[in-house]
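Labels run A, B and C following the written order; every chain starts at residue 1.
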Amino acid sequence: MKRWVKGLLATAAVLGVGLTIAGCSSKKAADSSDTKTLTMYQIGDKPKNYDALMAKTNKILKKKANAKLKINYIGFGDYAKKMSVIVSSGESYDIAKADNYVVNAQKGAYADLTKLLPKYASKAYKSLDPAYIQGNKVNGKLYAMPINANVYRTQTIAFNNSYLKKYNIDISKVNSYKTLEPVLKKIHAVEPNVVAFKATKGFVAESGFDYPLTDKMPFAVDITDGGNANKIVNPYDSARTQTNLAYLHKFYQKGYIPQDAATNSKEYGLSSKTWFARQELVGPYDYGNQALSTASGEKNGIVTKKISTPLKTTGQAQMFNWVVSNSSQNKELAVKVLGIMNSDPELLNGLVWGEEGDAWEKTDQKDKIKLLKGYAADRSMGAWMTGDNSILYTTTDVTDKMIKERKDSIASAKTSPILGFNPDTSKIKTQITNIQNVMNQYGDQLNTGTADPKPTIKKMNKALKTAGYDEVRAELQKQYDKFRQSK
Amino acid sequence: MQGVNSTVKAKVKYKKRHPSFASRFKSNLPLLLFVIPGAIWMIFFFYIPIFANVVAFQDFHFSAGGFLESLRTSSWVGFKNFEFLFSSNAAWVITRNTLLYNLGFIVLNLIISVFFAIVMSQLRNKRLIKVYQTSMLLPYFLSWVVISYFVYAFISPNQGLINSLLTGSGGKAISWYNAPQYWPFILLFIGTWKSIGYNSILYFASAMGVDPTLYEAAEIDGANKWQQIKHVTIPALVPLMTLMTILAIGNIFRADFGLFYQVPQNSGSLYNVTSVLDTYIFNGLTSTGDIGMSSAAALYQSFVGFVLLMISNAVVRKIDPDSALF
Amino acid sequence: MVEIKLDHIYKKYAGNDNYSVTDFNLHIKDHEFIVFVGPSGCGKSTTIRMIAGLEDITDGELKMDGKVMNEIAPKDRDIAMVFQNYALYPNMTVYDNMAFSLKIQHVNKAEIKKRVANAAEILGLEAFLDRKPAALSGGQRQRVALGRAIVREAKLFLLDEPLSNLDAKLRVSMRAQIAQLHQRLKTNMIYVTHDQVEAMTMADRIVLTKQGEIQQVGTPSQLYNQPVNQFVAGFMGSPSMNFFEGELHENRFTTLDQQLTVTVTDQKLQKLRDAGYANQKVTMGIRAEDIHTGPDLLEKMADAKVQAKVDVAELLGVETMLYVTNGYQEFVAKVNAQNTHRPDEIITLAFDMNRAHFFDSQSQVTIA
């Protein structure tokens, strides 16, 4: 017995020493110079000219906040896994792109920014659409500095314009899966080897719902006009969903959707000619078809048709959140730096467009720029994942009229009834885990049209029931009722 | 009676008078030095982390003080984290799949790798043996992701080799990733194919250690090739076979994640035959990212594995003490 | 029981330029105990393995009872073999080890039991039938190996260095047991050993080989007393025969350093002269036991007296080994232990010239 205690003490001692060493080293690093260097974790690949981009950024940061920023990049595929290790090991980073924002916020991984943001980043905070603040509140507190960008989204069907022109296909009547069918039929007849409708693993049919958890989980609120927005329901029970899925199943059977859609995660790049139609979310900063066409590499390469109304959702609000670590030693400073990144046009445009003079140059018009040869995706940072899009310069392709439209559309877009409803799932995580598995089994089959919806939904609902669907729905409804009352 | 007792005592006393710790330490110093790196590694990466298993019984919350502080401050929830493993219909399916597939692998691996080991041990051409070994070992070093693309090349519904052959010969293409009836065979085949080279080399090494005069003796005794294998080679392999089987039984609750996740491309319509504990845990917990539940699942697998290993070892010890692990 | 004829047998291993066995001719008669003896690498094991069928015969014919056996599988040659390392099946009990060959031939159970019991009785293994080989001592394992051969009731027993893994004492007793076994079973036995004592004590006939070639075939006494060449003379007997390089002058043999001169007996001298070795270089060989120090013998062999200095005297009981030096020549004498001699003492020894051997210095062939 004694020996066992001794062993435990020895182990504890070893661990203690290790921790002290770790603690010392991090403190030393922070104290070593007057200008503090903040550590940031970002998703994606490091830009090739990272050093040049950061040199300019750090110059501004040093002047304005006496701080420097060091960005560590983690690839898209690894980010969730590595970040969860970094978070749970208590590594003291300062800023990161949020991963699994609501759950980690509930678990205390992030610093509470409710008071810090208005105080240390007031300019950026004020520039945010209110939907961002509302949508990121967890238990009434704000844990993120969201990036002001596509605050609403419209579900659209995007068409490869080259095929439309080539075969003179009319898409003016498309506004649903039903009206899409004749168009797909036409293209499949002439181009059987082109994927008529791109649906791959992870595709979710648009049926007029918003989801308090994720769109992969069968808990939703009806957001159509005249729908009951007070009740959390299973979207697969609705006639609307079932009709849409039946159309998708038809697409699949006719060969419009690839045979391995449910397991395939192929990209079918926007710039390629391998596809004819696909589902794309479009937001205000996409300036209509502009962003998609740019990605396709052709002017007017892609045209879109709306199949839903614009909606400000929690998902959009949480599209890209910067968070400050709860274990950071420099929380205020981190908030200050985030504030500068989201309000200083010189800094932000220098990152998003790349190096001035090499990638772009200013024009006579205010806030309008011309892209130069040096502009490249891997020599700049993505706008959606860096800072406030409303202070970005625009290219001369974007007219003042388009900017006005953008502003008007944001103002007029509807807000989802569940915006800001971030439920606490800690009491029902067992059931949620099981439901997640059920949905992994059926979700892709149904949404890609691989499976016949009626019998499959029946089977799925049976499995959901034993996985604890009713308890989760009741718990979510309870929290949702509370949420609505507090609004 | 007393006399006997006193002699026993004397013997014990004599036995106890072994060299002092210091002198034994000194004489074994070089060996101990060899052990140190491995021992340190084991202590830090195996023994100390064992204590972190408490997280399986906690509702884990982060604290600003780091992981240990988080462990200290998180609240206890008993066995709640384990519930998800048993609370749904899937529990039966995943347990059945995990056990049956692993049993299948244990049996197939044993039979086939012993078979190949014996075939190789009977070959005379050394160069040919090297060629066989290398080509059999190659899959062992491939990652499951790579193998999943190989498999895809064969059974992709549109461009797959097998479907091309089927349609080419007038048959109907099969949507493999939606056809659960084929997958038990595909998975067993691929899993065995990947590990067979490694295992058969172990058995081959063991078979090569058999005294060649035993075969000559058997030949003179009138045993044909098959009888020689049965009475000389296989008995020589039995201890290794037992050892490998005991170890495999210890891992029977741990499925090869890559095989069951990558190769069927996590296809939902195959879940009834491809869902195993590891994929279920992964699919269920990647979204919630709950450390407590992940640890609970891993602890459950380890614990069941430990119990099975002890049982199988006890059984083996009873039948043939020489083959037992301990 | 069987008559075996080895007819111009050759063996050449792949990748080896030289023959391991060259022109091996031997006729083994019924119920004979043949010992193949020779230094290691002389091809004796290869030969026995060819007889067993474990090695292919490169050239020549092996006949048993007149039938050519070259292509016959080992199991059909009606032989039993005992290996140097016993080659017992480690997973089987003593009983199963002995019964294995019978089981494979589907001999009925009662018969197997009878034969194993019989063999176990002969070898004194009754108490160990349920044990596994690992639980036996070396001697017991050797007996199991013999037992395994006995139960087969084969016509020919092949024993490949069966005793060389045993300690000296055990070897002596096993030697006797095997000899008895031969008497009792009345089978042919071919026994391979590198130990000339085993060959001398056990063989009906010895086949002495060197580098794959037969040197001499004959009874132990033939090989001992009438070696055909210097190699045979030197190999048989312990200590080894003493050899002296020298010249023949008139009726005397004188060593090259002129230090030792003995008179050759008339009979031998005649043979030497007939063969044309008068005044020629020859090698004289004489065994240690044919050198004497007893006063009576010194007198009797007055014309073959030699002075030498004692280097070492080894008392063996009845006899003493004297390692002595004469000039540059060292030789050994085995003398009566009653005549004590001390190191550095100069003594007189007498050679029993009747028992001296003479060999050609070049070809080493026996002349007289």
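One rule holds in what follows: contacts are C-beta pairs under 8 Å (C-beta built on N, C-alpha and C of every residue); 3 or more make two chains touch, one makes a residue touch a chain.
On a predicted model such as this, the values are computed, not experimentally measured, just so you know.
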{"item": "Touch-based graph of the chains, sorted into line, ring, star, complete or other", "value": "line"}
{"item": "Of all other chains, the one whose Cα centre sits farthest from chain C", "value": "A"}
{"item": "Interchain centroid distance [CA atoms averaged], chain A/chain C, Å", "value": "93"}
{"item": "Mean-CA-position distance for chain B and chain A (Å)", "value": "40"}
{"item": "Chain B-chain C separation of Cα centroids, rounded to whole Å", "value": "57"}
{"item": "Chain C - residues contacting chain B, complex", "value": "52-54, 73-75, 79-81, 83-85, 87-92, 100-101, 104-105, 148, 152"}
{"item": "Complex contact set, residues of chain A against chain B", "value": "11, 14-15, 19, 80, 84, 87-90, 100, 103-104, 107-109, 214, 216, 258-260, 262-264, 326-327, 425-426, 429-434, 436-438, 440-445, 450-451, 463, 466-468"}
{"item": "For the chain B and chain C complex, residues of the former touching the latter", "value": "211, 213-214, 216-223, 227, 231-232, 235-236, 238"}
{"item": "Residues of chain B defined as touching chain A within the complex", "value": "47-48, 51, 59-70, 80, 83-84, 87-90, 156-158, 175, 177-178, 264-269, 271, 275, 280, 283-291, 293"}
